[in-house]
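Chains: A, B, C and D, in written order; residue numbering restarts at 1 for each.
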Amino acid sequence: MVRVGIYGVTGYAGYEAFRLLRRHPAVEVVFAASESGAGSSLAHLFPTLDDFPVVAFAEAPLDRVDAVFLALPHGVSAAVAREALAAGVRVVDLSADFRLKDPERYAQWYHEAHPAPDLLAEAVYGLTEWNRPAVRQARLVANPGCYPTAVLLALLPLARAGAIGPGPLIVDAKSGVSGAGRKPSLTTHFVEVDENLSPYHIGRSHRHLPEIEQMLHAVNGGLGPLIFTPQLLPVARGILATIYVPLAPGWTEGMVRDLLVETYGREPFVRVLPPGVLATLRHSVGTNRCVLSVTGVPEAGMVILTASIDNLIKGAAGQAVQNLNVMFGLEETAGLM
Amino acid sequence: MVRVGIYGVTGYAGYEAFRLLRRHPAVEVVFAASESGAGSSLAHLFPTLDDFPVVAFAEAPLDRVDAVFLALPHGVSAAVAREALAAGVRVVDLSADFRLKDPERYAQWYHEAHPAPDLLAEAVYGLTEWNRPAVRQARLVANPGCYPTAVLLALLPLARAGAIGPGPLIVDAKSGVSGAGRKPSLTTHFVEVDENLSPYHIGRSHRHLPEIEQMLHAVNGGLGPLIFTPQLLPVARGILATIYVPLAPGWTEGMVRDLLVETYGREPFVRVLPPGVLATLRHSVGTNRCVLSVTGVPEAGMVILTASIDNLIKGAAGQAVQNLNVMFGLEETAGLM
Amino acid sequence: MVRVGIYGVTGYAGYEAFRLLRRHPAVEVVFAASESGAGSSLAHLFPTLDDFPVVAFAEAPLDRVDAVFLALPHGVSAAVAREALAAGVRVVDLSADFRLKDPERYAQWYHEAHPAPDLLAEAVYGLTEWNRPAVRQARLVANPGCYPTAVLLALLPLARAGAIGPGPLIVDAKSGVSGAGRKPSLTTHFVEVDENLSPYHIGRSHRHLPEIEQMLHAVNGGLGPLIFTPQLLPVARGILATIYVPLAPGWTEGMVRDLLVETYGREPFVRVLPPGVLATLRHSVGTNRCVLSVTGVPEAGMVILTASIDNLIKGAAGQAVQNLNVMFGLEETAGLM
Amino acid sequence: MVRVGIYGVTGYAGYEAFRLLRRHPAVEVVFAASESGAGSSLAHLFPTLDDFPVVAFAEAPLDRVDAVFLALPHGVSAAVAREALAAGVRVVDLSADFRLKDPERYAQWYHEAHPAPDLLAEAVYGLTEWNRPAVRQARLVANPGCYPTAVLLALLPLARAGAIGPGPLIVDAKSGVSGAGRKPSLTTHFVEVDENLSPYHIGRSHRHLPEIEQMLHAVNGGLGPLIFTPQLLPVARGILATIYVPLAPGWTEGMVRDLLVETYGREPFVRVLPPGVLATLRHSVGTNRCVLSVTGVPEAGMVILTASIDNLIKGAAGQAVQNLNVMFGLEETAGLM
């Protein structure tokens, strides 16, 4: 059994990680930590019957675990990661702290100095399907952001294969409210979200933009600028990203679909829909899958990719479990089917 | 033109009052005050095009208005009411401060001493249909709570007419989330409310219970205990109360419906549905109406009353406007149709 | 492996049964039948990646299964049940055809003659926790209705123990829309349901009423009349029933809770919440559990029971799987945790 | 008083037209017709207190009205329009029958011959802000589709001014479910829509695409191809269109905003938000307004326009009333504020 501790269990991603790990056949949850919930238990904090004590960070027994999940705010995560690594514990960090490789870029987007620049070099970006060998060896995995997971799984094969022509890449993305976290705010108030749809940080101003571009540029230096339009949907869970891609000469809808099928044909958690079927939120919510569909627009020399994930599972806790499985040599789908 | 100021315009009830008064043909909104929103303007605080400056309480020009609406937390309202009355301004108070006539009962339910016991005697309970003559003369109107408005409009005719038999009165009530206010909390977080239904303060523990009983007992001292089950619905607006009433001997469904029709036949804002049609939230939301339906259960000697209101309109700001109209001799439906 | 066929797989309950059985470690789904969907496959009928061919009833290979699930309309189910039984196949019927023991009562509530009165005697009412020994032997299980499951699990212990005093039993119940089936109608149109709450068939007119009373009266002949108020909630899944129970002399909230805990302490799928915690929809949705809470109202000599289930799982397909497990000697929780 | 009859009153657009016209100070609703609802009355067909008899088409007294609204399916509307025009009655047609000027294009998109090609020449496309003089004189107004209203109000000023550079115009549009009509179908079933987001007819396959292109090309023949991605949102009402526009050399975000402000500065029903504020559904729902926001992406030489309307008001019945007001020389905002 792999022994795991969870930090930040009172947030949506942390609790989802708890829920998944609790049922994982090869994992034992040793502790669940939260500063705000310390001393309470999960059944007091969530409408759940699956109870478990919540401890303060200082009381979390790092010496009794093999790995920790950090479902913490950026800036907070790095210090806990350092402490865990020092104790010989492997880390899956669900925060943004280790996603951007360049500490200056981090400073520019997060408006503060990077909290642990010395750890950046060894951090592995945990988009499992694209970094499996490195994840296997990693002491520190930077679990991808929710939007980047959906967008990168759709675009990376095209970027690598040279299927993308000149011009901007436009990502019109919609997310359920759990993506905004559990901390109450006017933005997540039921009355403000219900029967509404709200764009926010659109253009080139959302923090997931540099994360997406970093990975895209790693496989293809010649891509056009990304335009990213996040929008808040009146649903609890799920991301649907509609991605408008200019094709390189000679590429067609069929070739793009074939490329995706080829890339992901043996992947348990990525599925490409057949022609004429469009990915919806429902295709993925409640699962660790990313579901992709391809629609050609030959009149414009473009394809529209649609990518659907559950933001809390494939976009956070599920992918973290997938990474844990890879890190510890477990079946990659364990606890996730 | 009646000149009106609004305190607490950044809450849902205060903003709804603003929205209604702004279109009122015989009212001029002179100021909109809020401590938290002071210095901003409405279009920065709500997704609205109907802009208006927001001032601090200290800057609200009480000398330039005929009346004020207080959409403030209980305990805060009383001091503002006193100041307004001293300035010769009539007050419609949407808080709970002047609803209970007995300051000790207030202390018991609100866990603090009543903030202005000397004003209680002159405060008029503004359930318009039942207190019209007193409202007309009032300097200080205590606008009813949302649940009490729905429940009392349904039950008062039966209580007064002796139609209610022995035994408990059971009110199973469901409310939209705007009833919980605009201040962010976990209770009103979209993800917590969505796809959920949550009872809270059920039995005899919700603060609207003594308010309902006070009015019922004023017309009939012999009623059984009230059981009150509020529940949070995943909708923005609306209250639906299902009320189980034991009938006094000789009373039937038809007699109860006739009684309601007789009581409210000339009321512009109360409607009784015909036999076989049940009140739903949709019957009232967006209007100042209370919609009632009656279903007999002769096997149990009972009727089920269903009462539907928009909690922010008939249950708060709309009824406040209705009271204002009565206080200033305007057409009672002005600004409300 | 128990080999199972599903009839009516294109409805919500039938599809949920498929979903559960597909992951069941000791079950093989041999066929999925539907008259309307015949010739298609599940991924064409639902936004799912879990594909499976759909066959017409006439082509369903009854000779290759040990049991069938019938998720069919009442009146349609009985003929299929007869055919299956004749082929030596055990039946879990999710329709209403075999729930009422008295064919005349069936005729009165369903407005047609009972389709198979000769099979009624052997049909076992599959409220698993209350009929486990009979279910174990049954050839034909009548899986309970969704509302009755929640209401009976709450009330049966009290009825049997004599904890219920004289007077009506009032059940104010709210259900998600999947309970109304997948056949499109104005009642289930998104725009009609959204932001609404609609009572329907209230009083003593819903078909689940005689089903509930039949079981209650089997354990206690002296109960008062049931009043049942079903209401349509704007959620996809879940039932929350608020039940108002007059207590027999000497009974208290604590005694009722103790009774429930005692009754269900070893049951894997019924949970009683501690004092002060109220059951919400979220406590049960997505699980096969019935979650109960108890709130005393000593002033009225009553308790309020709150019962929460997922209408498609514990209220339909999950309980059907639970019954299947019992019928075939499998672990009762298999495929359900 | 302008005397108006409504055909198709049992659909969402027809009923919304009834609701608006009923409160219109200068309009008398003479009849409300529906084949399916004939003989009934509105309070039986909608949860409304605003009752009115519903007549069959054959009984609609065309001789007693000045104008009719046709809220009918395409293909059905044309015959009623012809009959009304023959009776000297002016027509606002909310169907698609007279929107496309070219009957062959109609045949290509609607898969049947145009039902009244002889009337096409005189039909005026009723995008009020852009065709006011022609609407004033029109006997027959083709009320625009819901998506085209939002998209054209955003794009027409840019297209006319030469602000749009080469390359495709991408419209990622999301609509509430009332846009799909009131006829029950699996597409509009609550359980299918709830917690989901579904793209449909994306690329160049939705019938509103040629309608949008026809108007755009009328003001600018040199535009790139339109890509149109409609998506079904889990809300009852509202359209939010996110529009990605390549700018012509020299154009900037500020210039585009100025152009929109200049174009619509005196329009009562189009509003341009200030820099930094993004249009959301809530900005327009419940009003006849189109609300626009502009966000520049200089790195890509583009602007993102966001356009928000209420699909049933500005996108259907409200714009129809606006056109009626223009046709009959009434105040353009009458009945719409």
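For this structure, a couple of remarks:
Throughout what follows, a contact is a pair of C-beta atoms (placed from the backbone, for glycine too) under 8 Å apart; a residue touches a chain by one contact, two chains touch by 3 or more.
All figures in this text were calculated on a predicted structure; none of them were measured in a lab.
Looking at which of A-D and A-C shares more C-beta pairs in contact, the answer is the pair A-D.
Comparing the CA-atom centres of all chains against that of subunit C, the greatest distance is found for D.
Interface subunit B/subunit D: over half of the residue numbers present appear on both copies, so the contact uses mostly the same residues. Averaged C-alpha coordinates give centres for subunit C and subunit D that are 45 Å from one another. Spacing of subunit A relative to subunit C, judged by their CA centroids, is 38 angstrom.
Between the Cα centres of subunit A and subunit D there is a gap of 39 Å. Within subunit B, residues 47, 176, 194-196, 234-236, 280, 282 each touch two or more of the remaining chains.
Here subunit A touches subunit C in the complex through residues 23, 47-49, 194-195, 271, 280, 282-283, 289, 291, 337, going by the rule given at the top. Interface of subunit B with subunit A (complex): residues 12, 47, 176-178, 182, 184-186, 188-191, 193-196, 234-236.
Looking at the complex, you find that subunit C touches subunit B at residues 167-168, 170, 172, 174, 176, 195-200, 202-204, 224-225, 227, 229, 231, 233-238, 240, 242, 244, 278-282, 285, 295-297, 299-300, 302, 304, 306.
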